[in-house]
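Here come two complexes built around chain A, the first alongside chain B, the second alongside chain C.
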Partner chain A sequence: MSVANTPGRLRDWLVAGSPLLLALALGVFPLLTLFVESIGPGLGGENYAEVLSPLYRGALLYSIGVGVGVTAVCLAVAYPITYWIAHRCPDRYRLIALVSVTLPLWLNYVVLNYAWVWILARGGVVNRILVGTGLLDSSLDLLYNNISMGIGFVYIYLPYVVLTMYVSMERLDYQLIEAARDLGASDVRVFLDIVLPRTLPGAAAATLIVYARIAGAFATPEILGSPGNVMIARLVVQAFRQYTNYGFAAALSFVFLLLVLGTLGLGALSPRVRRELRQW
Partner chain B sequence: MNALAVDDLRKTFGGEPAVDDISLTVEQGEFFSLIGPSGCGKTTTLRMLAGLLTPDAGQVMLNGDDVTDRPARERATNMVFQDLVLFPHMSVAENVGYGLARSGVTEPERGQRVEDALALVNLAGFGDRDPSDLSGGQRQRVALARALVNDPAILLLDEPLASLDRALREDMQAEFRRIQRDSDTTFLYVTHDQESAMSMSDRVAVMRDGRIVNVGPPRQLYTDPQTRFVASFLGDATLLDGDVIRREGPDVVVQTGAGPLRADADAASYAVGDTVTVAVRPEAVTLGGGDLTGTVTDVAYKGFYEEATVDCSGAELVVRRERNTAAPDTAPSADGGTDLPFRVGETVELGVSRAVLVRDERR
Partner chain C sequence: MVSRVTRLAERGAGRLPGIVVALTLVFLYTPVLVIGYLSLSPAGQPTIPIDAFSLRWYTAVLTDTRFIRALLTSLGIGVVTATGGTALGLAGAYVIVRSQLPQLARRSIAVIIALPLFVPTVVVAFGIGRASALVGLGYGYLPVILGHLFWVLPFTTFLIAARYAELDDRLSAAARDLGADDRTVFRTITVPLLWPALMASVLFAFALSFNEFLITFFLAGSSVTTVPLEIFGKVRIGATAFLNAASVLVIVVSAVAAGVASTLRRPV
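Right after this comes the complex of A and B.
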């Protein structure tokens, strides 16, 4: 293999290698520093011991629960939307429909959260309509609970799920649905036997994109959530900024990362998901 | 009893009728083809029969039951799609057994029927394969088995052979015919390929612009086409306009640009002086010793025969001559050189052994 030592070969390695190196550095280096920080000082592991105390365990599990729940709701909402846009909507309205569903992507994240404060507050739009039309005597407390937080989450992350799912849904051959109907499948069977398996890669990709971001979100639970239900991001931020306990904050982040990877791995255990993923 | 009876079926897209009041009946066990050029409404008709498209008006009866308002899954029809659309995430056996599972047929009966269906299409033992591992012809057979296994009142086929190359297509035509006989299923086959329709079908309906213009056994449609369109769509035909100059028994003699031609007609319906159209098949044109004379303007080599376009005083006729492949082109044969190829500019004498009167299909 004399070719391996020619200057051309070396140049190829440099051209291909430098961006890869940059990507690795950007992705791995901060994680590495964070990890070194988390096990210090003195390789004690006390940081990790503290993370597993009941207070933090609760926040971690709650965050994972919110992540799973909101992702599931997003998928459930995105399925009919993308099915309609890809297979029912007349061609010329398709782009408009897609753009209007994904419009929130272009607004500032924090502003989107405050929009819901304005809508759900005691003097907000919903309460004013309900009281104004005489449906209610007095305003309802709609804000600062799991529902308002959930609404905010779905509103913000649905566009990502819709865009990702749409690609899969559009590639689903509508004739497969017709063939299934022709063979006697009800609407439920068509969904379970054709639509779901053919769009599972899209659902998996959407989950990869939004699940960890929801579980680790900071702004939405702060702005719309209940003060009593603490999600992991607040604890990490507190550790960094209030207590300046970097080691603990880093340990908390790593345990969270492992949990996220663990739950995603759990999903990949399903043989159906694995079979679909292999086709990527 | 008729497996299928369609009455005044109509479908309009954006004001244009795609299917314009068609009626037809297909008998139990018949191989019936619906043929016509692209856009004539044949696929629209098929989709309405399958229940995948709602007709604007008309009635569809299957085995005597009115199914017009029933969705696809409640109809005893099954379809073989043009693109086959096998379920890519299911094995061959799961594909074939899908319809049975949906109608509640349980194992082990389902497995047995799937096996029988695969055996019928010569794919015994292929059940565990994925559709993507199969060749085009094999996928074709799976699609057929997936529909046939449900024992439909009528099997609807939407040009399933269109994507195959010629040799495979001819094999599959013979297979379709055999499978249709062996399974004793009624077939309704839609295609724009008149050759395959004629070779497979018991009866053929020719469609044009959303209407059925002629129905009958292939031989009858070929020899006695009723309209200009049918004459030229089913095989080659020369169409000559002319006036009826006299009647001879059941025939009429028509003065065409090429000369007088005697044509089959229901003589009663034509009077002397009527302007009519005569269709002449190339094989009905004989070479030498006829009443017509013309000049060869074009010669086309077609393999075992040769085709010459002959200009007979302004009207063009097509004549064919079989080639004697045993003798080389240049060697004169005993009878004075009829094995020589046609030459452009050569003068030939033609006779017409059979011509039929056709009408314009516009109503």
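Right after this comes the complex of A and C.
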């Protein structure tokens, strides 16, 4: 290993400069801008007082709730999928299985969510099948509620969760599972004592990637959600486009950001997650 | 009796992962197939099952100037973002994996680059929109491209970094011992070995940019329209035949990028 030398270091800082500058200019500087706007005009806390009024508190909690709920569903589905692909799938089909499950990651989420309108609408595929086979007399209202929005979210974010979790699942030594089985452990025990602790870093990474984006999503609730249930992104977009009340929207964004980071931090505080994350 | 029930339940549990995979594939591909099927209907408001097969709406989409302009805009922004984002990602990956900077600096740089992953997109997008107005950059192509570069940077960086970390450092050391300077080592050793990762990064960054909606929504202003913005605007009006054909075309563009990426092989 070469000894660190000053010109090398200088060069490395120069290389670091371009990506770092971009990330600072478009990540950190905008957040500071928002923070300054949120406390103005005149250093009053009025914007924050308004954000914490019951009207907006509801939207904040609803967004966080949707984020937590959808992330949990994605993880619950991703566990059996990644387990099967990593440990059950015949070798020569493994790559194609992984590619098939993660392909939608490449596709446009506005288009994919729009496709669900045709599945769930009154004249859509599901209702056609249910009425056509005589299971139902008339069509159901399946669209524009929490369920349809949840389906849309899982549809978009499941591939991200699967891809991230797969790395952990692949590293899990299958011999450990076999050993536990030989010693008489049930499937449930194998899952709780071996699979879960060893794949926790993957689950944590997946949560980190999708949770904030689900809680702050705009397009999916607009296309598939109920018009009555307002998520934060719609409020911010409205403030940005229609009104000029940027201070309020900035305060709302900031409180929301703190809530998202706070809930992520809460997860990281649990001793078990922390112990597993330290291995990274 | 009890043990038989448990045994049956366990056998069921043993099959569960395979069943979930099968159901997930149905779940993931049904909507795409349904849109593809409906796009072939000649009717303005298609019904299931469709009455006849026709490519009428594809012709309509491909002769629609608004849509074609949006498509060209998206492709252009996508190409710039893909190449620029990959170059920046390579720099980021080098700094995180191989540079001589102190551990703390490297970790901090990684966290700052990863910021768009754990900060809600709407907050970042709104912040960039306000910051852009503040510094007088306003709205349009430049803010959109910068926003896209920022958004793809963590993906390109970590994709390339994963491969970079696997590279055998002794190869570069050997080249240096034989008298190659840093630039030659980078050009003849590092880049060729990273090539599949760089290509994968270009393609994935292109797909991310081509499909990006929310950041563009905040930064585009009235002069720039990308395909996702155009489609979102049409979705709000209602599900129409035009939208079905347009959706299929958008899916095909990204699927081609994905298909090319999946054929990339690692050398050695």
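Just so it is clear, the second predicted complex is superposed on the first by the 258 of 280 C-alpha atoms of A that agree within 3 Å, B and C clash if a C-alpha of one lies under 4 Å from a C-alpha of the other, contacts with A are read in each partner's own complex, and residues count from 1 in each chain.
Throughout what follows, contacts are C-beta pairs under 8 Å (C-beta built on N, C-alpha and C of every residue); 3 or more make two chains touch, one makes a residue touch a chain.
None of these values were measured; they are calculated from a predicted model.
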- Message: Once chain A of both complexes is superposed, is A:209 in touch with chain B (first), chain C (second), both, or neither?
- Response: second
- Query: After superposition on the shared chain, which partner residues are touched by A:97: those of chain B (first), chain C (second), both, or neither?
  - Reply: second
- Query: First (chain B), second (chain C), both or neither: which does A:186 touch?
  - Reply: both
- Message: Tell me the contact category for A:121 with respect to chain B and chain C: first, second, both or neither.
- Response: second
- When both partners are placed on the shared chain, which of chain B and chain C touches more of chain A: C
- Query: Who does A:45 touch here: chain B (first), chain C (second), both, or neither?
  - Reply: neither
- Query: Does chain B (first) or chain C (second) touch A:65, or do both, or does neither?
  - Reply: neither
- Message: Is A:12 touching anything from chain B or chain C once the two structures are fitted on A? First, second, both or neither.
- Response: second
- Message: Based on the A-chain superposition described above, do chain B and chain C contact any of the same residues on chain A, and if so which?
- Response: 186
- Item | Parts of chain A lying in touch with chain B, wherever the complex brings them together | 173, 175-176, 178-186, 189, 193-194, 197-198, 275-276
- Tell me, which parts of chain A touch chain C in their complex? 2, 4-5, 8-9, 11-13, 15-16, 18-20, 22-31, 33-34, 37, 77, 80-81, 83-85, 88, 97, 99-101, 103-104, 106-112, 114-119, 121, 123-125, 128, 155, 158-159, 186-188, 208-209, 211-213, 215-219, 222-223, 232-233, 236-237, 240, 246, 249-250, 253-254, 256-257, 260-261, 264
- Which positions of chain B touch chain A when the two form their complex? 50-52, 71-74, 77-79, 81, 83, 85, 87-89, 98-99, 102-103, 146-147, 150
- Residues of chain C touching chain A in their complex? 6, 10, 13-14, 16-18, 20-21, 24-25, 27-28, 30-32, 34-35, 38, 47-48, 88-89, 91-92, 94-95, 99-101, 105, 109, 112-113, 115-124, 126-131, 134, 146-147, 149-150, 153, 157, 173, 182, 204, 207, 210-211, 213-214, 217-218, 227-228, 231-232, 235-236, 239, 243-244, 247, 250-251, 254-255, 257-258, 262
